[in-house]
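One chain, subunit A, appears in both complexes that follow, with subunit B as partner in the first and subunit C in the second.
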Partner chain A sequence: MEAQYLIGVFDEEESMLTAFRRMKEEELEIEDVFTPYPIHEVLDNHGRKSKITIVGWFYGLFAALGVLAFLVYTAVIDWPLNYGGKPSSAFPSFIVVTIILTILSITILSLGTFSWRANLWPSNEKPIYHDRATDDKFVILVKKENVDQNKASSLFKETGASEILEK
Partner chain B sequence: MEERLKLSRIYIIACLSMIVIGIAALVVAFIGDPQRAWANYLLNNVYFLSLAVGAMFFLSIQRVSHSGWSAGFIRVPEAMGAYIPIAAVLFLLLIPGAHSLYHWSHADAVSHDSLLAHKAPYLNLPFWVIRMVVFFGLWILMTWLIRRLSRREDLSGGLSFFKKGEHYAKIFIFIVIITFSFAMIDWIMSIDAHWYSTIFAIKNFVAAFHHAAIIIVFIVLILNQRGYFPFLSKSHVGDFSRYIFMLCIIWGYFWFTEFMLIWYANIPEETTYFITRVRGEGWRPFFFANLLINWFLPFVLLMPKAIGQNKLVVKIVIPVLIVGQFIDLYLQIFPGTVGKQVLGFQEIGIFVGFAGLFMLVVGYALSRGNLYPVNHPYLEECKHHHT
Partner chain C sequence: MYNTEVRGPLILGNKSLGQITADITSPLYARPKFWWIVGLGISSILMLLGFWSIYVTISQGIGTWGVNNTVGWGWAIINFVWWIGIGHAGTAFSIFLLILRQEWRSSINRAAEAMTVVAVACAAIFPALHMGRIWDAFFIFPYPNTRGPLWVNYNSPLFWDFIAISAYLLISASFWYLGMIPDFATIRDNTKSKIKKAAYGFFAMGWRGSVGEWKRYEGLSYILGGIAAVLVVSVHSIVSTDFAVSVEPGWHTTIFPPYFVIGAIFSGFGMVMTLMIILRKIYKLEDFITNAHLDKVAKILIFISLIMGTAYLTEIFLAWYSGNEYEIFTFFHNRITGEFTIQFWCMFVFNALVPQLMWFKKIRSNLLIVFIISILINVGMWFERFNIVITSLTKNYLPSAWASYTPTFVEISMYLGTIGIFTFGVLLFFKYIPMIAISEVKAVNKFQAKESKVKSQPSKED
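Moving on to the complex of A and B:
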């Protein structure tokens, strides 16, 4: 199979960031960046802000309303039971269950969403672009079809990439 | 980086006139209804002591966790700790009012009441005073040690002060959790001497921590507006509002735990406390306002990151929460002492007076030393904090 990606490998955070900034300036499209630790500049300027928090909020809203509706249906509408003489629509007693199940739903649904978006299903083989990416190397990945290859590789060279690969 | 806070003449005059208003309101209240005056006096004492102790606890947490982000601002909680000795004096003046506030302090009431007689070995006036003195002694000692270390670090530098400060912070956390819990039982819960709640102390402790964090943020933001703390960034504001957000959840959690267990168990001795506050005349709006202001408002408003980083929103939320803490303590103290719902110029005036005193003490303590801990090992990290 023909190589799809051009990969710049850097030893230092600073040189990778220089390459990152210059690529942003010259409007070369970056596919992904792999770093050993989170780098705020990359997170903020990569242009791929995660929307998982917003999704998580809606999961929470959905779960809270869903659990409350379920509790009201089971304990008030469908089968009212008398517990200690309290009214069957005893709102304070629903809250704990709602909180716990909301947290559980957010966790599981967000995990599912994240796995789906990041292609992390168990059967899915995730390509590893460089063996030491996220270990001690800083790796910038560009898609060949999106950028001018010569320009990108010369930029990598100028900013001090230790390796330039195609994969 | 050396900079000192200069208190403007207007600030001092404003504080002093607030104190004068407070004294006038207190005198008027004493002439009208001594019990109401004592209840107000207790409420405001607990309110501002909570802020001071909570601020020292905040500081200790930062020390123990080696927090870098807050290192530049630690002078603010330190200055709030300077209020504790003043609070000690004000609390000692509360002793003559004990008879107006605590019905367990009346010998004839105890002799007719087997429950109070049973509690008498703990709930008696001499022991109550001794405990108060011990609590304040420990707090003043620890606050003095921690603040002195921080000042000496400024002069000579070096890591030894930081390490020692961490050690003292651990001791302070240990002491304050126990003593503040007992203090809250002594001063507030014993108003309703027949009633008890095992979660009461920690709930009030969290309330103190919650509202102290709010005041710390408030002072930082006001000083920043006046040109101090030039390194304050969006990330700092975001982290401060995360603190408020986190503490409002814990506060709401404990509030609900106390309420729900009592509501669920439905034991008459316990439920009377809440029946007075939910169904009693005039208290009901305060009961729900308490939950709405202290939990719901910061929970909803500060949840999105972008809003939490907005100084203006945080500045709007804080004054509302200052009122929130007042309502929280008002609901705990007034039904058991005054008995009927009263909220007039006495309450507001006395609160204003105490606020003036607190502002004066904290402002003076801040202006005494360097505003930034110049030799703090994490100061540089704080300046470049980014989330």
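Moving on to the complex of A and C:
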């Protein structure tokens, strides 16, 4: 099979960032960037957006309403019990359970969303383009069909890539 | 944002990224040391003792414990609250410091969270067994049953407690695991062993460090951090309502929720200190967990110890100021003086006074003394729970109902058993999981390297 990707491997974060900036200027499309730790300049300017925090907020809203509705249904509507003559619709004592279960629901649902959107699940095997990208290398990946190959590889060279691979 | 000039270097030794990986992962590849196997053996023996006591409790019932009608809560509840308190360290540590953007947390949070998960699991054993008929434990779930359906009582703090503890266990475990995903990927890509590659690869879930992964990872850690901060405060407040809602002298006060939360964080940080001193020593991680890190934890301990002292004095003052004879009796004749004097003063001295020694730089930088203080804090916190549970229950309103309490061998071995589970879990953690969050430490290191570069190069203007 012919190689689909051109891969620039950098030893230093700075040189990778220089390459990243220049590729943005010259409008060379970057497929992905792999780094051992989050680099905010890349995350903010790569163009992908994550709405996970907003989604998480809505999970919280719906979970809170859902839990409260469940508590009211079970304790007030379905089978009201007499606890020493206290009102069965005791909102203050529902608050604690609502808060805790809301937090639990947000956690479970947003973990699920994370796993789905970031494409991560146990024993998942995605192609690994450079096996030191999780250790000490910074890797820029471009798709060959999207860019001018010569331009991209000369840019990688100029900005100090330690390796240029094709895969 | 944090400033290296104020904080000093967070990681010593000018390490390259590759070196950081190698330093932190080396214990994972090394053969287990002799002390590790011995430790595992001792904790297994303790665990066996614990399992025996659980077996006795389940097969013969709570009658094998020293509890009676008057003192219904004995060692089980003391140990439950004690373990939950220790379990507050990890989450308090990583979450509050994550929200406050305190970068120095990154060397410690992984171990603190590991502690949390194991300690909460230990804690959960006690209330479950204290129910008496553990095979009916599922009655506590609000599920549509054939008895009506008869739902549970949402007004009961014991139900809140069940919800809070199980949620806390699940959430702290997921937060811990989320933090480990990038590090598992690092090991998967680094290791030469096929078994390790498969095992860590399974748990790394295909992590590659791409833009999409990091972006969502960061978003998710802030979501979890933000909501778990609420959880840290609420879980131990709920534990305190188990006490505060009942009308026992010494329990029925509004100070209980904050007092319990602070106490939990105090004992948790004490345990973090104990563990960190051991960990950096035996794994030679002094470059990552520096003296400056321990110094900061020590300062936090001094501060919380002051709050603890204030809380103790407030309680005593209010007992006197309320004019309530039962409160006065409990505090002045059953704690400060009387049958439980030793336990009370152990609590007071170990928690409120001894940590104050760390105001002195000389003491704070002597790790042996700090280590002893951190152990004393945990002992003191155990006595605090003893004071709360036992002194209030033994002698309350009716002198004819007064009773005494001594734990039986079954209760003691259950406590030893949980200590065994804790050390067993921590030892496995030492061996199989990177003890320091590799990717976080790398980010901190990079920041630091940039700062020092800027400093060493004179700027163009001058």
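Everything below uses one rule, namely that the second predicted complex is superposed on the first by the 165 of 167 C-alpha atoms of A that agree within 3 Å, B and C clash if a C-alpha of one lies under 4 Å from a C-alpha of the other, contacts with A are read in each partner's own complex, and residues count from 1 in each chain.
By definition in this document, a contact is a pair of C-beta atoms (placed from the backbone, for glycine too) under 8 Å apart; a residue touches a chain by one contact, two chains touch by 3 or more.
All values reported here derive from a predicted model rather than from experimental measurement.
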(request) State whether subunit B and subunit C clash or fit side by side on subunit A once the two structures are superposed. (result) clash
(request) Figure out whether A:Val96 sits in contact with subunit B (first) or subunit C (second), or with both, or with neither. (result) both
(message) Between subunit B and subunit C, whom does A:Trp121 touch in the aligned arrangement: first, second, both, or neither?
(response) second
(message) Once the two complexes are aligned on chain A, which partner has more residues of subunit A within touching range, subunit B or subunit C?
(response) C
(message) A:Glu163 in the overlay: touching subunit B, subunit C, both, or neither? Say first, second, both or neither.
(response) neither
(message) Tell me the contact category for A:Thr35 with respect to subunit B and subunit C: first, second, both or neither.
(response) second
(request) Could you pull out which residues of subunit A sit against subunit B in one structure and against subunit C in the other? (result) 53, 86, 93, 96
(message) For a test of understanding, state which residues of subunit C touch subunit A in their complex under the given definition.
(response) 16-18, 21, 142, 148-151, 153-155, 159-160, 163-164, 167, 170-171, 174-175, 178, 181-182, 185-186, 188-190, 201-203, 205-220, 222-224, 227-228, 230-231, 234-235, 238, 439-440, 442-443, 446
(message) Can you tell me which positions in subunit A touch subunit C when the two form their complex?
(response) 13, 32-39, 42-43, 46, 48-50, 52-53, 56, 60, 70-71, 74-75, 78-79, 81, 83, 86, 90, 93-94, 96-97, 99-101, 103-104, 106-108, 110-111, 114-115, 117-126, 128-129, 131-136
(message) With touch defined as at the start, can you tell me which subunit A residues reach subunit B in the complex?
(response) 40, 53, 57, 84-86, 92-93, 95-96
(request) In the complex, go through subunit B and note every residue touching subunit A. (result) 256, 259-260, 263-264, 266, 303, 305, 386-387
